[in-house]
Structures are given as C-alpha cells and as structure tokens.
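The letters A, B, C and D name the chains in turn, as written, and every chain counts its residues from 1.
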Amino acid sequence: MTELVLATQNITKSFGSLIACDKVSIELKAREIHAIIGPNGAGKSTLISQICGTQKPDSGRVELLGQDITSKSAKDRALAGLGRTFQISQLAMEDTVLQNVMLGSLGKTGNPWKFIKPILTINELRDQAEYALERVGLIDDIHSETGTLSHGKKRQLEVAIALTLKPKVFIMDEPMAGLGIEGSKELTLLLDNLRNEAPILLVEHDMDAVFALADKISVLDYGRVIASDSVEGIKKNPIVQRAYLGEEA
Amino acid sequence: MSFVLIVEQILNGLQLGVTLFLMSAGLTLIFGVMGLINLAHGSLYMVGAFAAAAVAGAFGSFILALIAALAAAAIAGAIVEISILRRLYRRDHLDQVLATFALILIFSEGTRWVFGSFPLYLDIPNYLQGPVMLPGGIQYPLYRITLIILGVLVAIFLGLLISKTRIGIKIRAGENDREMIAALGVDISKLYTMVFALGAALAGLAGALVGAIQSVEVGMGEPVLILAFVVIVIGGIGSIKGAMVGSILVGLTDTLGGVFLPKILQLFIDISTATNVGSSIASMAIYILMGAILIWRPTGLYGSRL
Amino acid sequence: MMSERNINLLTLSLFVMIPVWAYMADEPFTITLMTRAAIFALAAVGLNLILGIGGFVSFGHAAFFGLGGYVMGILAWHAQNYSPLLEWPLLIEGTNSMPVIWLLSIILSALLALVIGAVSLKTSGVYFIMITLAFAQMMYYFSVSWSAYGGEDGMSIYVRNEFPGLNTLDPIQFYFLCLMLLLASLWLVSSLIKSPFGLALNAARQSPQRVQAVGLDIHRLQLFAFVVSGAITGLAGALFADLNRFVSPNMFSWQLSGEFIVFIIIGGVGRLFGPVVGALVFVGLEHFLGGISDFWHIYLGVILLLIVLFSKSGLIGLIAKKGGHHD
Amino acid sequence: MKSLLNVSVGIITAAFLTMGSASADIKVGMITTLSGGGAGLGIDVRDGFMLAIKQSGRSDINVVIEDDQRKPDVAVKLADKMIQSEKVDVLTGIIWSNLAMAVVPSATAQGKFYLSPNAGPSVLAGKGCHENYFNVAWQNDNIHEAAGAYADGAGYKKTFILAPNYPAGKDALVGFKRYFKGQIAGEIYTKLGQTDYAAEIAQIRAAGADSVFFFLPGGMGIAFLKQYSGSGVDLPIVGPAFSFDQGILQAVGEAALGVVNTSQWNKDLDNPTNAAFVKSFKAEYGRLPSLYASQGFDTANLLISAVAKADVNNTDAFRAALKSADFDSTRGDFSFSSNHHPIQSIYAREVIKEGDIYTNKTISVALENHSNFYTQDCKM
C-alpha cells in the first residue's frame, strides 16, 4: 500500500447560508497526481484555501503525512512541506522574476534574518532559483519585471517558486490557465516528472492536461465530492457527465 | 461627588459626543464612499464657523448664520472636490494625505488673510441663552441641550437618508463596489461631489454650532479633526453607526476621564500629585481607549473586515 | 531627464557643496539650514523603511523623534546641573557625550518601536495610521505634563554635547557629523533593501500571501523593520535636539509626524533618496517662502498640491527616466 | 492688507532722516508669531514696536522680522539665522514662554541682547537670569499676583482657580495664591488647548466658591468665558488681562462685561506718552492698541533710549543704558529690578462697552510699584 501524504477529512466551510465545502474528504498518495475538477463556484478554491491555511474550516481536519495541521497557519504549513501555487497570481509585481523565485529559495532556508549581503550575490540561493526557472522554461525572462509578464508566464513563475520550496506535496491551483497549447504541453511534461519528487493536488480546467496527468480525479459540485475515480471511471460516470462534462460539451 | 454633578458631566460628555458626530459622520462617509482620507475636514469646520460669524455679525441672525455655515462649507467642499480631490480617489492614501495637508495650509492662511488674525465674535442667540432646570434639580445650559437634540436629529436624518432614499442606495452601492455603481448608470462623479458636499456641510454646521460657545479662530479645526479621526477609527471606517457610537464613547471618555480620574487617584495619593497625574492620564485617555479597541478589534467596532 | 542614480549623486553633492560653499563664504546660517535638512532627512529615511518598503504608513514617528530628543535632553540636563539621573539602585549620571547619547537614543527608540509595533502591526491601512498617531499623541501629552523635565516649556541645554576630537559648536563640524550619520543610515537602508531580509519585506508589502506561502513570518519581518525604522528616527531626534540645544513636547507633535510623511512623498515613496530630496526641498521652501509674506503658507500649500497632482511618484519620479526604479 | 505686506517683507528700514547719530547702526532681530492661531499677539507687538521706531525717525535702527509660527524649533532656527546670518545685535519679539525658553538662553550666551516684549518665564527671572536679558513686559507671575491681591482686597474668601496644565499655568496659580489670603475652593489644571469647559464649570458650580480666578490665554479664554456666562453660574470672575485684551475682547463679547482683570497697562492710563501712543496707533493702523502693542511700543522706546546713549558695540555701556530705563513708558513709572524685570504698578480694570466696542476701564491699583519674586534667585 502506498503512503498517504495529504488528506482532508470531512472539511466543511460555509459563508452564511452558502455551503462552499460540504464534508469534503480527499486523499493524496505518494507519487500520485490527484486532480480536482468541477464547474466555477463548485468550491475548489475554498478547498485549496483550507488545505493551505488561508481559511479555517468550520469542521473537519487536514492531515499532512499523518499529522493534524488543521490549526496551523499558512506559514507553518508551508514550513511543514506544502508548496502551493495561487489561482490569482500572488507575486511581487514590482520585483524581477529572479527576485520572486529567490524568495522561494530564501523561504526554504527558513532564515530571512540576513541584512548586509545582497541576496543576488548569495550563490546558493541563486542557483536554486535559476534551476527552478530553467525547469519551468522562464530562464530567458529572469530579469524581467514580474508585473510585465504575460498571464501564462506568471502561472509558470508560480510553479517555479513552488519548486524552490522542495515541498512534500504540491498544491496547484490552475497552473495551466492562459498558457496556450505549447505551454500547456511543456508544463504537462514537467508535472508528470514532478510527481516523483512530490505528489500533486491539481485543480485544473484544462481537461486534456487532467486526463493526461491524473491518477485520480475528484469532481466537486456545489461544495460536495460527487465522484472520485480513475480517469476512465470519471469519463464514464453518468453523474459527472450530467453535472459537469455535459454542460461543457 | 454628588449625583447632580455626575449627571451633568454625563450630559457634557454626550454634548461633546454629538458635536464630534457631526464632524466624523462626514469624514467616515467620504472615506467609505470615495476611499479618501481628508485631513482638510477640519478646515471645512473652520470655514463654517467663520462664515457663521461673518453672517451673524452682518445680519444678527443665528439661524441665517447656521444656514450660511452649511452653505459655505458645502460650496467650499464642492469646489475642492471638483478641482482637486477627485483626481486623487484612485491614488494612494499617501498622495491624499499630502494633498489634503496642503489644503489645510491654504485654507488656514487664506482664512486669516480674509478675516484677519484675531478671533471673531459669534455668540449664541438670546433665546438660547442661560440655563434650564432639568428634572432632579439639574441646572444645564439650554444651548447645550439644544446641541444634543440637534445632533440626534442629524443622526436620524442621516440614518434615514442612507437607509430609505435613492441617494442612500447609491451611497451604499458606492461603498461596496465602484464599478457596479458605474455600471448601474449612476453619474458617479456627481454622486461623489454630493457626498463630499454633504460631509463638508455637516462639518461646517458643527463649526458654527461649536464656534458659538468656543472661539472662532484660525486653527480651530485641527484638534477636532484629530478627535474625529479617533472617533471613526474606533467606530470602524465607513460606518455611520460606528461614527455615532464612537463619538459618544470618545465624548464620554474625554469628559468623564478629565473629571473623575484625578478624584479617583486622590483616594490613593496626595491631592496635588493626583491632580497632576490624573489630568495627564486623562489627556491620554481617548488614545488609550482607541488603542485598546483596535487591539481587540483591528477594524473598529463596526468596521468591515479588510 | 536623468537616471535615478544621477539624481542621487547630485543630491549628495549638494549636501556636500552647499555647506562647503557656505563655510567659504562665511554664511554659517546656511550650514545650520543644511544641518536641519540632513537631520530631517535622517528621520524620514528611518520612516521610509517601514512606509516605503514595508508599506505601513506610520503617522506617529514623532514618538521616536521626540524620544530621541528627550534622551538627549534629559542626559544633558543632568550633566549640566551635576545632578545624577538615578541614585538608586545604581548611580547613573547624566552625560554630554554624543556617542553615549546616540547609543541610548537608538536603544530606547528601538524598544519603544518594539512595543508600538507589536500592537500596531496587527492592524493595517488607515487603522495603522491612526493607532500609530495615538501612540505619538500619548507621548505628547505625557511630555506636556511631565513637569520635572520642563513640561510644555521643554528644556534648554546651554552647550552642545561633545564628540571626541571635534568642536561640535562649530556649525560645519556638527554638520558633517550629522551628514556622516545620514550617509551611514542610507548605506544601512540600501543594504537592507538588497539583503534577503529586504527582499522578503519588500515582497510582504506587495503580496503578503506569497510570503506566507514560502514559509516566512511576515509579522516578524515587519516588526523588525518597524524597530529599525524607529531607531533611526530616534537617532535623528537626538541630533535635532542637539542642533537646537533644546527639546520640547513639540517634537512629539502630530504635525511633525505629518511632515516626515510629506518629505517622503515629495521625494518619492520607497526610493532610497526620496526622503533626502524631500527634506532638502521642504527646508528650502520653508526658508525662501518665509520671507515672501505673512501668508507664505498659502504658497507652500499650492506648491505641495502641484507636486502631488503632477508627479505620481515624487520629484525623483518626475525627473528620473522610467524604469530607473530598481537601481 | 497691502501695507501689512509691505511692512513684513524681510528687512525693514525706517526711511526717515537721521537725527544725528553718535553711534554706529544697530541691527535688531524680531522673532514673533505672525501666522496661525496666535498671530494676533505677534502682529500687535510688531506694529507697536515699528510705530515707535517710525516715530523716533531714526534710520540707524534696522529691524529684521521673521515669523516663528509658534513653533519652538522654528524660533531656534530663526534665532540662528538672526545671529549667524543677519548678525543682529539685539533680539526681541517672542510672545510665548516656551519659545523664549528655547531661544533666550543660547542667544544671551552668544553675547546678544534680548529684550522681551511679552514672555517672562520664572526661570529667566531667577536661576537662569542673564545680564543681557531685559524683560520689558512683566515677569509671568506678576499679573496673576495682582489678581490675587485684587481678589483679596475685594473681600473674596473662597476662590476657585484654574489654568492649563503647563508651566505658565502653574506659575499663574502659584502667583495668584501668593497674594490671595482666602481659601481655595478648588484648583484645576485643564488640558492645554482645551476648548470645552463644561466639565470644569460644573465643578465650579458644585464647589461652593464665592469667586473664580482663571488663566486661559487665547482661544481657551474666549471659550471659557462664553460657556461660563451661559451656564447660570454667576460668581464674580477675576482674571489676568490676557483674556480681556483689546484684540480678543470683541470675540468674547457680552460675556466679558463687568469682569475685573489685572494689567500693567490700559489705554486710559493717564500719562502723555500713553495718550499719544493710543492716538497715533489708532491713526496708523486703524484699530485700538492692545496690551501687546503697548509692550512692543515700550520695548522699542527702551531700545531707542539706549541707542541714543551708547554704542551697541560697547556692551557694558549699552547694558547700563538699557538698565537705566531712561524712556517714557506708556505705563507711567517704569524701572528695572536687579534681575532686569520691570518694577511697575499693576492695575485692576473692568470690561465696559464704549459704543459698539468692548474695552477696559481702569478702576484701581492692584499692586503699587511691584517687582518680582525671583530677584534673590538671580545671580548676575
């Protein structure tokens, strides 16, 4: 039996009368890519927020490598090994691409209390950052101001930062959005490799990518998991087709 | 300490509270709707007081003076909004701070240029002179009772304006979402000018009402401005209800603290030290109150979460 | 058009050339004015760290400025009157040695900033503006009622404090002492900005969620920046007290906190030399406009308005080429 | 307004023929408050001072005028400018005690003369006195001491006293108590700059006093008097002249009528210098002179008398010339005590209405040829 890396157990979150997450339980095992799909407003982002600690669930728990992290802050979850990308880019837009990624390698060291030596001259951090940029294919934009990047490149940058953290698990919120066909293909390849470093919880709209990558797919609708199965199983699932795929077709 | 004195001091605190409310209602509205930090709000208070003093001096009518204060402050506010401030709504708070700081300089010295360097005369009309007897044998100035009633009326008026009228709906929509209100086809810049003029008029009214029992002089607006900021921060920025509650809290704390702290301290230490220490703590009391409330609720009592 | 780097160099050379010229031409008052500008610049450089880089608008930095001033005032006052500051539990004498006064100003301002910051940084935006103001107001009223050290009247120190090997009463020597401290603080802040700490602080302003997501504690980063910021401004306060040989509660006033912010906005928020340019321009305006008429504040107001309306990132931003920001 | 602008433009030279100068030109630096809330006082001092200079017809007295904005650090900066850049011989003009404390000690330490037209903090009269410092107005306590003496003479037995919580406020209450022998019904220090006195008035009402003494300069006093008169408390008030002076009285209005206040000067003081001063001030500026204007006028005349006798560069001779106070003061007899503060009579005045204008009438002498309490502390 493969090792369980990340799990949510019955997490529930409501905003007033709207239930954004209704007893959601999902599991992510080692070397696995678990995709979460569902229509807009299905509760995917709320789920991610609760896993990463920017929102607290009303009830239920989140476990990382068997440890209960439900009451930990976002920062502590990151230190515990959660590496995430944001659906809406969270980047230092006035800084360069390299500076953004070095923030990741700095975070990995856990020690920002260095005041005199310019960070760009700290080779160890810089090498890690450049390696991550190379892997996502952003190495040519290394000195660009982040705010000037295209939407797709910002997505890649998000992934690069997550890479520098060398996390125990990746949480990726729509990394393919805006990438274009060529970009999506490259990123799909990268993610396929990444699963050997750490499993990935992937929220994605690009169904080609999802079907190509996922070991398991969970479908969210109105805050509930309506199906959780292999790619083939999901493709055939009539409920899913009605609730989600049917609408898209 | 007699019962009468305590009641009288509570009334004093309430009266300070309602005058602060007139100031802070406009300030909080302007911040809530336009997102503007207006340091020059105190200058509009001063403009109101000077306009009232000038008109009262020329025509001898207090009612006319109040109308003049409302009008002058509203017009000054509208001019400033149209010519300068509307360019700053989308800017950083810092730019707003600098611009309105500059406006204070211009207003203060401009007023001195027009009216001279000495305080002006503005007194309460004869029919509001003197004290009245309240139940329980409390003697209290009629004018201050009038102020309290007037303040409450303005609060009710504002409450109705915002909850019941079309303008109120627009104002509330503007607070929540600027794009949405533009999409609704409301002429947003007209709405902003109106809200600003309304806030300015309230400040001007406060200036005139208070000027009649204090002194009408250049620089009278700044201490009140700071108090009004304390009020809206305590109440939660953008909330009229918060401004009301905050005003009363600040009014009571400031008044009662100044009176009772030295007395309470006298129980423990000798009189002159108690007076000394008591009055210095009292002068810090509202800031301590504000600090405590913000630690407890970082966005004030009725502030929306950021 | 000039690059930001050249503007900075030009500013620095003004800070050297004007006083040297004034010294040659025997215009000691110009040196005094430049000292004032340098000290205000130092105070604002401190503020700029938390305001420009950290993104928190402190409207209460006069608290540190005044504290620094009072550290100088109290120590020198006791030295002047030959009365010990404290006799029990241990004997502490006053002093008129600048290095000791500076060190103490820095330490005490840092401690005050630690307390104020720990409370205030839990809020943000306008609430932060107001809570920092509240703390400064408390200090103000406290100093007004502290009659042992002059209350509202403040304290006069008859002789300027001493620095080993220098005659501090000579305007030009005192000026260069202040300039050295300004340069040191500029070097410190520019190192901080480029350092790992600065990168994280800068990112925390732009995207706090990102910084948390890489496992860094933004609250601690900001608190540390606030402490350094307060310490620098506190040092400036001690110098200002020495320039005037006088301290009073006025050094805690909210107008002064406002002026520090104004310096930064005039020069350019978040730019290393923004506060320096701003302080120089402001002191210059004050000096030259003061003679025009009784109503010179109107002119000052109009000029500030024009600056804010027509330059989006201060005077440096107005002159500098676009993109010079990251040098 | 135009004439005002002209007067204030930097350096002012009286453009009159010299009356034959035995001495070299003398430069005077005037630092006073010309903008913001307290500007009225500074403007009066300046106008009184310049009137005397103009009337003297001397062109060898150059006056440089600057606005201190009522900020101590600005005053210090201006003093530096006056001394270092303008190279003045004499400084004058400061209105407020705290600004005087910031400027005077270091100016006199640098060998400059300082003539105070208004502020007289106790430190500068006692331990911190200086041979080059002359106060032409009063020691801060004086007017309040006279108020105490008046209240005592008027038969008040139990007085409620209040002042702002700052050094001059404390001096005021101490000064009052020094000459008032009755009982103190209550003593309050209010917040500096406070404008609402409802709470204090309520305490006065409850205290069972038979009279009230207050020292609340500027707008604070206006606010207090208006609120007091509307409160229904009708105990007699005694106060120092500052809240009842010409400039401010019109703003207080009816509330001040009948109040007794103490002052070393009034426009009806019966001496030829004063009569001529009141007349010429009114002619020149179109308003009645205030206490402050008279102090400015006297300060300038003291200076002029010294310039006529001695060269300012001969410091000892010039100081002796100042010390002799050989000029005609608007207050009648005037001389300096050993610590260079006035020995003068202080009067009780009553606020009356003359036509449409509120003004004061002298009713009695409160303290005759009064010196000050701090002479023995001063070692020159």
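Convention: a contact is a pair of C-beta atoms (placed from the backbone, for glycine too) under 8 Å apart; a residue touches a chain by one contact, two chains touch by 3 or more.
Being a predicted model, the structure only gives us computed values, none of them experimental.
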{"item": "Contacts common to chain A and chain D (chain labels)", "value": "C"}
{"item": "Shortest contact path, chain A to chain B, counted in steps", "value": "2"}
{"item": "Identity of the chain that, by mean CA position, is farthest from chain C", "value": "A"}
{"item": "Most central chain, Cα average position", "value": "C"}
{"item": "Separation of chain B from chain C, taking each centre as the mean of its C-alpha atoms, in whole Å", "value": "32"}
{"item": "CA centroid of chain C to CA centroid of chain D, Å", "value": "36"}
{"item": "Mean-CA-position distance for chain C and chain A (Å)", "value": "44"}
{"item": "Multi-chain contact sites of chain B, meaning residues that touch two or more partners", "value": "108-109, 112-113, 276, 279-280, 283"}
{"item": "Multi-chain contact residues (two or more partners), chain A", "value": "none"}
{"item": "Shared-contact residues (touching 2 or more other chains) in chain C", "value": "141, 144-145, 147, 295-297"}
{"item": "Chains that touch, pairwise", "value": "A-C, B-C, B-D, C-D"}
{"item": "Chain C residues touching chain A - in the complex, by the definition given at the top", "value": "191-192, 194-200, 202-203, 206-207, 209-218, 221, 224, 325-326"}
{"item": "Residues on chain B engaged by chain C in the complex (per definition of touch)", "value": "31, 37, 39, 84, 87-88, 91-95, 97-99, 101-106, 108-110, 112-113, 226, 229-230, 233, 237, 276, 279-280, 283-284, 287-288, 290-291, 294-295, 298-300, 303, 306"}
{"item": "Chain D contact footprint on chain C (complex, rising order)", "value": "27-30, 32-33, 36, 141, 144-145, 147, 150-154, 156, 158, 171, 240, 244-246, 248, 250-251, 290-297"}
{"item": "Footprint of chain C on chain D - complex, ascending", "value": "4-5, 8-10, 34-35, 39, 66-67, 71-73, 76-77, 80-81, 84-85, 97-98, 101-102, 105-106, 109, 121, 128, 165-168, 170, 191-192"}
{"item": "In the complex with chain B, residue positions of chain D that touch it", "value": "1, 35-37, 39-40, 43, 165, 187-191, 193, 195-196, 198-199, 202-203, 205-206, 218-220, 222-223, 226-227, 230-232, 247-248, 250-255"}
